[in-house]
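I have a structure here, written as structure tokens, and I will follow up with some questions on it.
Naming follows writing order (A, B, C, D and E), and every chain is counted from residue 1.
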Amino acid sequence: GQGDKSEVLVSAAASLTDAFREIETEFESAHPDLDIVLNFAGSSTLREQILAGAPVDVFVPASESIMQPVVDDGLVGDSPMVLARNRLAIAVPIGNPALVTGLDDFADSALLIGLCAPAVPCGEFARRALARAGVVAEPDTNEPDVRSLLTKIAAGELDAGIVYESDLVAGGDGITGIPISDEFNVAATYPIAVVTNGDSPDGAALFVAFVATAQSRSILAANGFTTP
Amino acid sequence: MSGALQARIDVGFDADFRLDVEFDVPPGTTVALLGPNGAGKSTVVAALAGLVPIDRGRVVLDGVVLVDTEQGLALPAEERQVGVVFQDYVLFPHLSVVENVAFGLVARGAGRAAARRSARNALPEFGLDGLGDRKPAELSGGEAQRVALARALVTQPALLLLDEPLAALDVTTRADLRHLLSDHLADFSGPRILITHDPTEAFLLADEIYVIENGAVTQHGSAEDIRLRPQTPYAADLAGANLLVGEASDGLVTVASHRLAIADTAASGRVLATVHPRAISLHRRQPEGSPRNTWRTAIRRVEHYGDRVRIQVGDPLRLTAEVTPRAVDALGLSVGDSVWVSIKATEISASPE
Amino acid sequence: MSGALQARIDVGFDADFRLDVEFDVPPGTTVALLGPNGAGKSTVVAALAGLVPIDRGRVVLDGVVLVDTEQGLALPAEERQVGVVFQDYVLFPHLSVVENVAFGLVARGAGRAAARRSARNALPEFGLDGLGDRKPAELSGGEAQRVALARALVTQPALLLLDEPLAALDVTTRADLRHLLSDHLADFSGPRILITHDPTEAFLLADEIYVIENGAVTQHGSAEDIRLRPQTPYAADLAGANLLVGEASDGLVTVASHRLAIADTAASGRVLATVHPRAISLHRRQPEGSPRNTWRTAIRRVEHYGDRVRIQVGDPLRLTAEVTPRAVDALGLSVGDSVWVSIKATEISASPE
Amino acid sequence: MRSRTPWPLVALAVAAVLLFALPLFGLLVRTPWSGLGEILGSEVARDALWLSLVTSLGATIVALILGLPLAWLLARIEFPGRALVRGLVLLPLVLPPVVGGAALLFTFGRRGLIGGPIDELTGLVLPFSTWGAVLAATFVAMPFLVITMEGALRNLDTRYEGAASTLGAGRWMVLRRVTLPLVAPSLAAGLVLTWARALGEFGATITFAGNLQGRTQTLPLAVFVALESDRDVAVALSLVMVAISLTVLVALRHRWWGAS
Amino acid sequence: MRSRTPWPLVALAVAAVLLFALPLFGLLVRTPWSGLGEILGSEVARDALWLSLVTSLGATIVALILGLPLAWLLARIEFPGRALVRGLVLLPLVLPPVVGGAALLFTFGRRGLIGGPIDELTGLVLPFSTWGAVLAATFVAMPFLVITMEGALRNLDTRYEGAASTLGAGRWMVLRRVTLPLVAPSLAAGLVLTWARALGEFGATITFAGNLQGRTQTLPLAVFVALESDRDVAVALSLVMVAISLTVLVALRHRWWGAS
């Protein structure tokens, strides 16, 4: 951070990395007196920090369930609003060696498939999508986060997995995406809220307002998110 | 400068061994501790140096109380001015010879460079020239012992504890260092305690000798005392004499049911009788003449020591006689042979136990 | 069983020290190595045991080639049947006395329990009863040395290397273990090498003596040879004799510009002349009579050894004389006094260098 | 000596202990003691506990078998590139776990350098299997054994080993009966560090072996997943790990560490 | 002895080395060598590198100051609860990093047991500050120093220290001139393990200290972020860590480790 600018500490889910870096640049040129400090980590890690009193101004986790305990603890000013949604997609290793075509292939026990763990949002949503498609999947692994699922797909260890669309945009090397049709697709919701622990409530409010602007929405869209 | 040492030490390891001794060493004198292996000599050193806590006792050096268990007082080792040559040297393996010798000087406040200089200057005196930069692992046994001696002596402590400091030295160096030590000891005004297994060394270097056996002092006195009137078999071995314990009455001593005539007709009760090996004669045939004690027995051992031969005879009294090689040849003595032993009554000195 | 040892060893540490020696030890004989500190005796042991690689040489034991540098062959230590008593014992600190002694038996294939039993049975012989369960750190110096001795002897190796095995023992135990050792050695058919600084020990236990100085053998022969004809000052010290190096001609030896008459008129060229201390007489006034060598000098040192007194006289010839305490008292000799020295020509034996 | 307490040292040591004890205390304060029994009795918890024990012990054993020889070589044998090998051993410590896991995938994965041939020859696929979890834990934990033992072996006086060999002990007996007992305290330290690190291993396992209950889901993985859904479960499972390691160490007290 | 090469040992050791070397090789194969210069010259990379060096060195120093006394006490002084303290020291190894970080937050956070009072008294807030990153790294890395040194000190023959004290050396001089030099190889091992662990530290740091570029974002955290946006950057940054640790260890070779 620079000199006497006031800092706004934004704790954002790691999947928002690229999008929020761009938004930071835009925001800071619009508000030269404010310095956005981005804190990327897994949503639950960020939540633990806030619950332990970390001086965070804005919290943007990857699911509403992560936000809930923070709300319950009375650490959120206004009730959270929805920042963006992230739709699911099928990820396969580049070249799609197992010739996966859609959700139906997840029932093929000959394939090595991976999902996120049911307790994790991406796992919960993936299972909902599969249920909608009437597919009974037996995953070979229940990855605790999308990142490790993607790593294994990229390495060719898994023939297919269900991830977020934004993941295919960011760091998607070695991965080919296959869209999931709207009728089955489920989207994760990214809530955003001002945290009362923070030292810059005004800056926080400005930032939350800024992410709702069209400028920000186009950045989010470019990174694979859908916006409300 | 005064500087006497008064020590009363009581310390035990487990139930097996207990050391309970008392010394009084005036300044400027050397006390030699002699005793069998495991008698507790090294334990005395450790206790005086502050390396082993004592159970009961009091040690005063030069008016300073080092330990007093009743007052719960025990000066830590580094605050006692005690120089120690350890039986197994305990040289610092990571330091060179010069650094080992300089260690005590640095610890006592000398500058690093000055200490090294003094240490290096002291090396020739101990026959260590040219070895200054070696590590202890690169020294021979005798060289290591000299380093240990140099390390302890250069600090000029108020009390010197020397645990078999010459045991690993060759004959020439041993004689040289014995002189060095006796010169050093003469200059050095504090008390010193020397442990040795070599009676000659003790007789040469010590003013007083303490014989320790099984944790207790069994005899102390001048070299002459020990030599002439040893009180225990160990002390007799030290003196090179034969020691017999018996019951005296009317000019006779009864030892294990064997009777010996002695000159002292007044002696009575339990006595220690000593006979010097050279006072015992051996004969092929029953001797005639003055010796009042003669009996027949067998030879158990024959040992040639250069110009003397020591012959041990068997029961009823195991005694060692010393004769010349010529006599052995003349009499044709060898192990198992039957011989006559004769001892003049005047050669047996008896003293009450 | 044969079992001789033939060894030719050449090994050096840095540039400072080089050992280059050759031995031939027939089976059943004991060779004593004597020599000043740092002469290389322990290095011989390490090289024979296989703990130090040798630079050049060949060692054959009982027909088996242990090392041959020309063939690039070196049996590892564990495949040589060599028992070693190390100068500093090197007992295993984590094992009890019994386990230390049993170690070699286990290593040579005995069952764990059987080995412990034999080890425990061997302890009394070495004066170690009751110490079987102690750890080495809980032993006195002499006790530790006995464990080292027991550990090496129980395995009955084909070659025994004893590096000052009795140095830390008390007089009584030393005599006992000397006997034990000489009995053991008598039973033991292999060759053995004994290192010692004690000439008596060497003379008693060894069949042949090698004097090593500065890495080389300077003299070897029987105890008698060394005692009567020492070839170096060190050997003379060993023998307790005075050694003079001089030029002989016409029944005279010139030593440092001083002339001594000798009996052997045939001797010529450089000779080693030895004089026994007891053959040197001291007088307050110029002596008259037969001794052909008399001169006047000063007393440098007086040392009392029990029943003998050794007196060193100063220039022109530093000699040690041995006299009785009675003589010292009678003549009132003390350091610095001027005395007359006399030596009979027949008491000086001269041999070509 | 023995009697005097060195207060400045004690003060620093107490500070060190507090650094470890206070966070534990903080954790205990926030623990949901009431629901604990139920959480710990669950199948997920039991599976994870069992797997954690298996993989951490397995990793420790493999580390011992491979790591001890390496430590011995590093300490005793002079060979070119020794410093490089020592540096290599530390890689798993400095590599971020995810990268380490990815590197393992490149090597031992189905399409990896070694994993490919292994798969073809034996049909054994390391990722997603318990073997994979053991491999990941070994990779991460073995450096502790190697580095600790190298230091200890370097410190050891080789004369004892020499004396043993003159008594007829071959290399193996010397190692077993002399070398290792003499460095026992350091070996205990190395093994404990290795085992504890393997027990706590998370990053490389998750990346390399995946997260399948009963097969690769060890306690740390279960904790991580639980953090997403039920914080109480996560804290409770963490306490299980704390309890295991404390129990093991207190139990080892006399056996291994030796009396002082 | 010296001349014979123990082949079975060598074979096992080679297997161990391969376990470390192959993944590195796998990583090198996938490294984007062309873009490397640009990536490493970026501000993010330079900040992270600098911070990593500062925090890992800082943590090593703090671990030395606090951990060495603790190791000494554990090795030398008999006190009740010693085994418990030793167990406590291992906590950071077995606690999942996120839980460890959370425990640190409970304790040293603004609302924590200690953090609250500290904040009120000094205004110093540890989380989200470089000091916090040092604290997290210390918490995680110090156990290695403590456990390694305890083992080494237990192995040490105390007679040398006794001899030094008879020569007049006080406790401090004995420590500095006798004890530590005698355990130098183990101390080197302990310090290297500590430093490497601190350098690679990720979980507790991201939880406790946050992930703020230039303040708490060390190399492993930067790798984590890079994984979300550009894998090439992540691999490149990982290689930086590998390079640093190899460089340091190869450089330390003679100075510290001592010739064998």
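As a convention for this text, a residue touches a chain if its C-beta (ideal position, glycine included) is under 8 Å from a C-beta of that chain, and two chains touch if they have at least 3 such contacts.
Since we're looking at a predicted model, the values are computed, not measured.
Student: Expressed in steps between touching chains, what is the minimal separation of subunit A and subunit C?
Tutor: Each step joins two touching chains, and the minimum needed here is 2.
Student: What are the two chains with the most C-beta pairs touching?
Tutor: Chain pair with the maximum contact count: D-E.
Student: What's the distance between the Cα centroids of subunit B and subunit C, rounded to whole Å?
Tutor: Chain centroid spacing, subunit B to subunit C, equals 21 Å.
Student: Averaged over CA atoms, how far is the centre of subunit A from the centre of subunit E? Could you give it in whole Å?
Tutor: Going by mean C-alpha positions, subunit A sits 32 Å from subunit E.
Student: For subunit C versus subunit D, what separation do you get between their C-alpha means, in angstrom?
Tutor: The answer is 55 Å.
Student: What positions in subunit E touch 2 or more of the other chains?
Tutor: If we look for residues of subunit E contacting two or more partner chains, we find 1, 98, 102, 105-106, 112, 162, 165, 171, 182, 224, 227.
Student: Enumerate the residues of subunit A that touch no fewer than two other chains.
Tutor: 44-45, 48, 147
Student: Please list all residues of subunit B that touch 2 or more other chains.
Tutor: 50-51, 76-77
Student: Tell me, which parts of subunit C touch subunit D in their complex?
Tutor: 49-51, 76-78, 80-84, 86, 90, 92-95, 103-104, 106-108, 151, 155
Student: Spell out the part of subunit A that touches subunit D in their complex, as residue ranges.
Tutor: Listed in rising order, the residues of subunit A that touch subunit D are 43-45, 48, 65-66, 69, 112, 114, 117, 119-121, 140-145, 147-148, 151-152, 155-157.
Student: Please output the residues of subunit E touching subunit B within their complex, sorted ascending.
Tutor: Listed in rising order, the residues of subunit E that touch subunit B are 159-160, 162-171, 173-174, 177-178, 181-182, 184.
Student: For the complex, which residues does subunit C have touching subunit B?
Tutor: Per the touch definition, subunit C meets subunit B at residues 13, 16, 34-39, 41-42, 87-88, 127, 130, 138-143, 146, 163-164, 167-175, 179, 197, 199-200, 203-204, 223, 227, 233-234, 237-240, 301, 303-306.
Student: What residues on subunit E touch subunit A, complex-wise?
Tutor: 98, 101-102, 105-106, 109-112, 115, 125, 127-128, 206-208, 210-215, 224-225, 227-232
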